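Each chain gets a letter, A, B, C, D, E and F, in the order it is written, and its residues are counted from 1.
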Amino acid sequence: MVSLDTLQVRKLIRQALAEDIGTGDLTTNALISPEQQLSAIYNTREDGIIAGLPILSLIFRELDPQINVKLLVNDGDRIEKGQQLAVVSGNARTILTGERLSLNFIQKMSAIATLTDKFQQAIRPYKAVICDTRKSCPNFRIFEKYSVGIGGGKPHRMGLYDAVMIKDNHICAAGSIEKAVKAARKAVPHAITIEVETENIAQVQEALFADADIIMLDNMPVAMMKEAVQLINGRAITEASGTVSLENVNVIASTGVDYISTSAITAKAGILDIGLDM
Amino acid sequence: MVSLDTLQVRKLIRQALAEDIGTGDLTTNALISPEQQLSAIYNTREDGIIAGLPILSLIFRELDPQINVKLLVNDGDRIEKGQQLAVVSGNARTILTGERLSLNFIQKMSAIATLTDKFQQAIRPYKAVICDTRKSCPNFRIFEKYSVGIGGGKPHRMGLYDAVMIKDNHICAAGSIEKAVKAARKAVPHAITIEVETENIAQVQEALFADADIIMLDNMPVAMMKEAVQLINGRAITEASGTVSLENVNVIASTGVDYISTSAITAKAGILDIGLDM
Amino acid sequence: MVSLDTLQVRKLIRQALAEDIGTGDLTTNALISPEQQLSAIYNTREDGIIAGLPILSLIFRELDPQINVKLLVNDGDRIEKGQQLAVVSGNARTILTGERLSLNFIQKMSAIATLTDKFQQAIRPYKAVICDTRKSCPNFRIFEKYSVGIGGGKPHRMGLYDAVMIKDNHICAAGSIEKAVKAARKAVPHAITIEVETENIAQVQEALFADADIIMLDNMPVAMMKEAVQLINGRAITEASGTVSLENVNVIASTGVDYISTSAITAKAGILDIGLDM
Amino acid sequence: MVSLDTLQVRKLIRQALAEDIGTGDLTTNALISPEQQLSAIYNTREDGIIAGLPILSLIFRELDPQINVKLLVNDGDRIEKGQQLAVVSGNARTILTGERLSLNFIQKMSAIATLTDKFQQAIRPYKAVICDTRKSCPNFRIFEKYSVGIGGGKPHRMGLYDAVMIKDNHICAAGSIEKAVKAARKAVPHAITIEVETENIAQVQEALFADADIIMLDNMPVAMMKEAVQLINGRAITEASGTVSLENVNVIASTGVDYISTSAITAKAGILDIGLDM
Amino acid sequence: MVSLDTLQVRKLIRQALAEDIGTGDLTTNALISPEQQLSAIYNTREDGIIAGLPILSLIFRELDPQINVKLLVNDGDRIEKGQQLAVVSGNARTILTGERLSLNFIQKMSAIATLTDKFQQAIRPYKAVICDTRKSCPNFRIFEKYSVGIGGGKPHRMGLYDAVMIKDNHICAAGSIEKAVKAARKAVPHAITIEVETENIAQVQEALFADADIIMLDNMPVAMMKEAVQLINGRAITEASGTVSLENVNVIASTGVDYISTSAITAKAGILDIGLDM
Amino acid sequence: MVSLDTLQVRKLIRQALAEDIGTGDLTTNALISPEQQLSAIYNTREDGIIAGLPILSLIFRELDPQINVKLLVNDGDRIEKGQQLAVVSGNARTILTGERLSLNFIQKMSAIATLTDKFQQAIRPYKAVICDTRKSCPNFRIFEKYSVGIGGGKPHRMGLYDAVMIKDNHICAAGSIEKAVKAARKAVPHAITIEVETENIAQVQEALFADADIIMLDNMPVAMMKEAVQLINGRAITEASGTVSLENVNVIASTGVDYISTSAITAKAGILDIGLDM
């Protein structure tokens, strides 16, 4: 699981605070007394899966270590419209200044968890697991991947550095799938897995022969995908990809693939309506 | 207009490259010869408004100053499915390594520009201009605001530091709208504008009397909004806000408001399908 | 008001500590036992307006969270030669190491507050408020602007990004003041104010006609300034600028302008003599 | 000599640009065409010693490597009111956006060089050299020290890390000057010099006996200072300090001291009036 | 292969330059004229495998883009005492200032490559490949891993984030190897491999049964290691570890293991004597 | 003494944690419950001098301020195989995640202290003190210099910025040692010492005549070194350098030099075997 408790995450949060606050919250500093205390409740205005609650204390801790955040639910919980999620209390200025950013994080993250869950529910009878892609929002990937995990899916590789993914261009440059896998295996650490994108049964056979760890079945018709899964027969991890939607995901899962990767769960998630009521 | 040619933007791009590339593109470094050259074309697979093209050279310049990017259209152009947008040529490794991030930027940015344009088209007979809110993706705000401008809308304030926005809590703490505006006017620089959120005609009158620069008509019924606009009669800038959608935006614009602010144009934009073909 | 309690300010303080301390305080580490405790008092050796006291705990908190800082006066207080300002107590090494930087901040900031106050006193019968300019010390602007506010003045815009200021070159490029204001109004967010520099009555009339928010009366003779103020008659904010000094500021204020901006309050402030006595 | 051609200086310049430009120069971007070219001349409006010219190209290089800066004089040159200093030409937007920061640097730096030169001129018949102190503007020290060198003075130690300076508190903690010097000599690298602050002849004798490298004569009456210099007789470097002014510096120099350190040359320098004429 | 052409590497190089140069190279700036040109040759004074040559231009490019670096050999080449490696020419100040850091990098990196090669030579008849561990020098890991690759070995995982390594404590907490592998497989992305440390044949069997991707044979007697390799029989990657030395590595390799990991190749490499002759 | 309690050191530690942990400790997060507590003991498996213990709490404080570190010995203590050094207790995840980095620091630092001590012991009857050079591991210098001090040696200058070291090239460019020293003395602050590298008696005489503060006797035969020391006779600090080893260091010390500088104590130290037992 991607961790939110890292120096990287803290740096991104500090940076997001700076993006919003800059030289200071003009309104709050002008109108709220520095001593005023406040208690406020995060409520959801939509059903969904909550994700990102640990961010709340990370945000307020950066602004003022005295702020108290009490979580009433946990990440991954199924929440219902009107439900209370967390209570934040302490200095009123700090809470008003941090409010928007805290909501921006959990609204986006919960929407991703919620949509991932919808995909995962849609394929329930099958073993397949939903995962994301590298089509993420720049500088927000780690939060997306965390939310996918919370929604019951699994994050795919973090980036270009932690797994090999052999595509058209690479195969073309290497000469063949076999040559590409062999060259990659030679070049990269033994703790790194090799995935190959295939578009037809011939390529699947090649990838299998080349001993790829993961074979991606890219944009294949369902029948071909089924054939591929049977051909592979557990000798490699299978991953379906390409124009996956809530409508077709069940059929794709029915082919027996291990994983279904799609950018839809992150790119089309929008936001889940959550508010902070004073 | 928000500028993409700033040190801030360059830093965010470097950071996004690091997020994706980390210790190196394992696949490309293993399989593509360091001398190989490549030319590739950005094509759109959907109609829309293109935004973010200047990012292309900013990305590749960070990786390798020798990469050549030639734009075939300009930000703000209406593009059609199948249209060529830009050509990138140079070292094959660099192009393959930077490909995904370049697409992540322009897909998201173009989607925002396209949706902003749809809202703007929907209110065409009226003078109202669409603008965004602070409900942005953390560490991506500047790209969202730029894209709103490209789509024909206008960015709202950048953050808490460049305009005053007086809401419930602030009014409550100050005692009244009048007191709040007076206190804010006293506290902030004279080059800073003051906006007041109002929910009914009485509050509009108060805000007007307090000489607010901008009066937000928040979640008002259309009839009330119309009355408010007539009451204000040009003595303050008017801004409608609250549950704005492509369906109701025309009616809202018909009330005569100057601006309509909505997070929909950024939060619900998704991505515009653009690809890089080798 | 510019805020000192931001991540930006904390970063500048950390950086200033690094500038002075580098790889360590050779003298203190060699000669002071790590366990030694110390209590020391900040005293002023000159009359003035104190500014920057919140910096003291920000500095020492970075070095050692155990250091205790107790303020005996508040920012903005009128202090007299020999008066005690604050007590710092705790680890002797930390206090000796942080001493110089803490003084460098409050000496400079108090000098600016003191000089701003002198300008403000000099125009007391009039409504005008003194403000600063962008002629600031690189990487110290936020502290200057804060101090101007403490001294009874008002900071002008923070930088190029939070207000429009139309000068000669811009007018020249746009064709006329009217065209420049119109173009700017179209390009920038509605929450951004537009100020126009004018040098004579004709330009004031143009700016007024173009509906500028703020009209700067730049380097005008006093009589012309007076005429300009009467002409504008409250339809725009007025700001006098250009070779302002303690000698002539009263006459300038007597013209009825709203603001008088000058770099003198920051550039010529020097330092206020404050010491730390062990 | 402090160097301006370091990564540290470049970082400070980038940061100062960000401080002023933030999310973009609203005015220039709205009103100046991106293609417009411009040539402008830096002129001085006051006599003085110029310092900081290499900063010009460092600033503009960060914004746009195409900008051309041609220096007409060199740092350290004596310049006269009305004299042309440098020509900058290239993209008009870039020049207008960078103008203010470039002036802020050279105005402050030239003022320091000019004042240092005045002090140095005031002691011309004597061998003494003027140097600065650690009473600098936070995050601007390196520019101050560079300017002191340009003005004919010498920078003192950069910070707490590159020389030992033993003061009251250290002597007190160590037990005596002798013990303090001995302990310091043992603790610090052999490439580090040790300076001792003394207030009377007895302390001078102690410091001399302890074999201090530099003996500071702090706030001594001129007669005592003279006696101290004769007593030391070249066996240590001598440095006068304490309430040094243009009025008394000649008398201090006449005592035969090697160095005279004073914060006046940096803290009271103000700015030298330099403008950029388009 | 770890890449040296990343933003991360460039940042580490900039930081290392700052560590050495700080506020400037006092000696060079005082004694070498800014116009002087220089040409210098990197020579090796020891036999070995050269590694790190691409760092040379990365270092000098940061200081001055005009410096020319011409490589006479390539990373991985076997070099002999007295052999010329590279020529650097350009501004004398820059070359003298960057000299030490450039040598510090290639001396350390070449020593690691050379020692890795010695280990690899020592096991030549066998298929085993030498790899490193996480026992690296803080903030220098990427350079160590690159050098291991150049020396004919393979880097192990980059850190805690790109592969799972199940040790005593993890097994203990999970209850058994099987439970640990199952739990890990469920928690981490499918593109992540799972390695299990085993200390005896029973644990090897457990790990095999649990379907671990890599089985580490930790500190096993050679006979047991051989038995383990035969038992595993290609169903998992095998990795020997624990007190590996140039003396015993051949015997370890003779067991038929796939990989032999050891910190010796990085921790005990020392430096290879390389000089820069003017 | 180099200080470990600086912002610089904290930054390097944060960076090293990021290097190892990246997006999270996959294994620990998958297998260790977030509530589990742990107590573990640092034990040494080799005799030596311990160095770096203060780093332990600096590392764990960054990860989790609740972790408790109790030191059982102090930096500089002579430790014996099997001896307990420190106890760390608190959250099990945090301890497991930080374990490796904490060991990497103290293993390397203790090895340097131990080897420095061996050199220092080898010259015990003589007054000479061992010191390091600038041949350090990039971005690890401060830890090396600290460890040299702990081992009874003395760090040499930190970098190019805190002392002058005149070598061949500088002498050549200046014309003579005398001219070089004179020019350097004029250019650098009076608190900066000047060291000259000499290779024979003639150069020593020149350096002495030029009044260098430190004279390095570089690669001299022992007899010549002795002659040089007698010639200098305390009028400058003497420093022997060049191919120093544990074998010849006693003879070098017997010449009466004040300091012996060698990169061997850092470059050849390897690591001291220390483990963390749960």
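Here, a residue touches a chain if its C-beta (ideal position, glycine included) is under 8 Å from a C-beta of that chain, and two chains touch if they have at least 3 such contacts.
Owing to the predicted nature of the structure, the values given are computational and were not obtained by experimental measurement.
K.L.:
Within the chain touch network, how many edges lie on the shortest path between chain C and chain E?
P.N.:
2
K.L.:
By mean C-alpha coordinates, which chain is most distant from chain C?
P.N.:
E
K.L.:
Indicate the whole-number Å distance between the mean C-alpha point of chain D and the mean C-alpha point of chain F.
P.N.:
A distance of 32 Å separates the two centres.
K.L.:
Measure off the straight-line distance from the CA centroid of chain A to the CA centroid of chain D, and report it in whole Å.
P.N.:
Going by mean C-alpha positions, chain A sits 52 Å from chain D.
K.L.:
Between chain B and chain E, what is the separation of their C-alpha centroids in Å?
P.N.:
Chain centres of chain B and chain E, defined by C-alpha means, are spaced 45 Å apart.
K.L.:
Considering chain E alone, which of its residues make contact with at least two other chains?
P.N.:
1, 21-26, 29-30, 142, 158, 161-163, 187-188, 192 - these are the residues of chain E that touch more than one other chain.
K.L.:
Going by the touch definition at the top, which pairs of chains touch each other?
P.N.:
Pairwise, the chains that meet the contact rule are A-B, A-C, A-E, A-F, B-C, B-D, B-E, C-D, C-F, D-E, D-F, E-F.
K.L.:
If we count contacts the way the header does, which residues on chain D are in touch with chain E in the complex?
P.N.:
1-3, 5-8, 142, 158
K.L.:
Applying the document's contact rule, which stretches of chain E touch chain A when the two form their complex?
P.N.:
1, 129, 131, 154-158, 161-163, 187-193, 195, 214, 237, 239, 258-259
K.L.:
Within their complex, state which residues of chain C touch chain D.
P.N.:
Against chain D, the touching part of chain C is residues 12-13, 15-16, 19-33, 36, 92, 96-97, 100-101, 103-105, 107-108, 134-143, 158-170, 173-174, 180, 183-184, 186-188, 192, 263, 267-268, 270-271, 278.
K.L.:
Mind pulling up the chain F residues that touch chain A in the complex?
P.N.:
Going through chain F, the ones touching chain A are 14, 17-18, 21-26, 29-30, 62.
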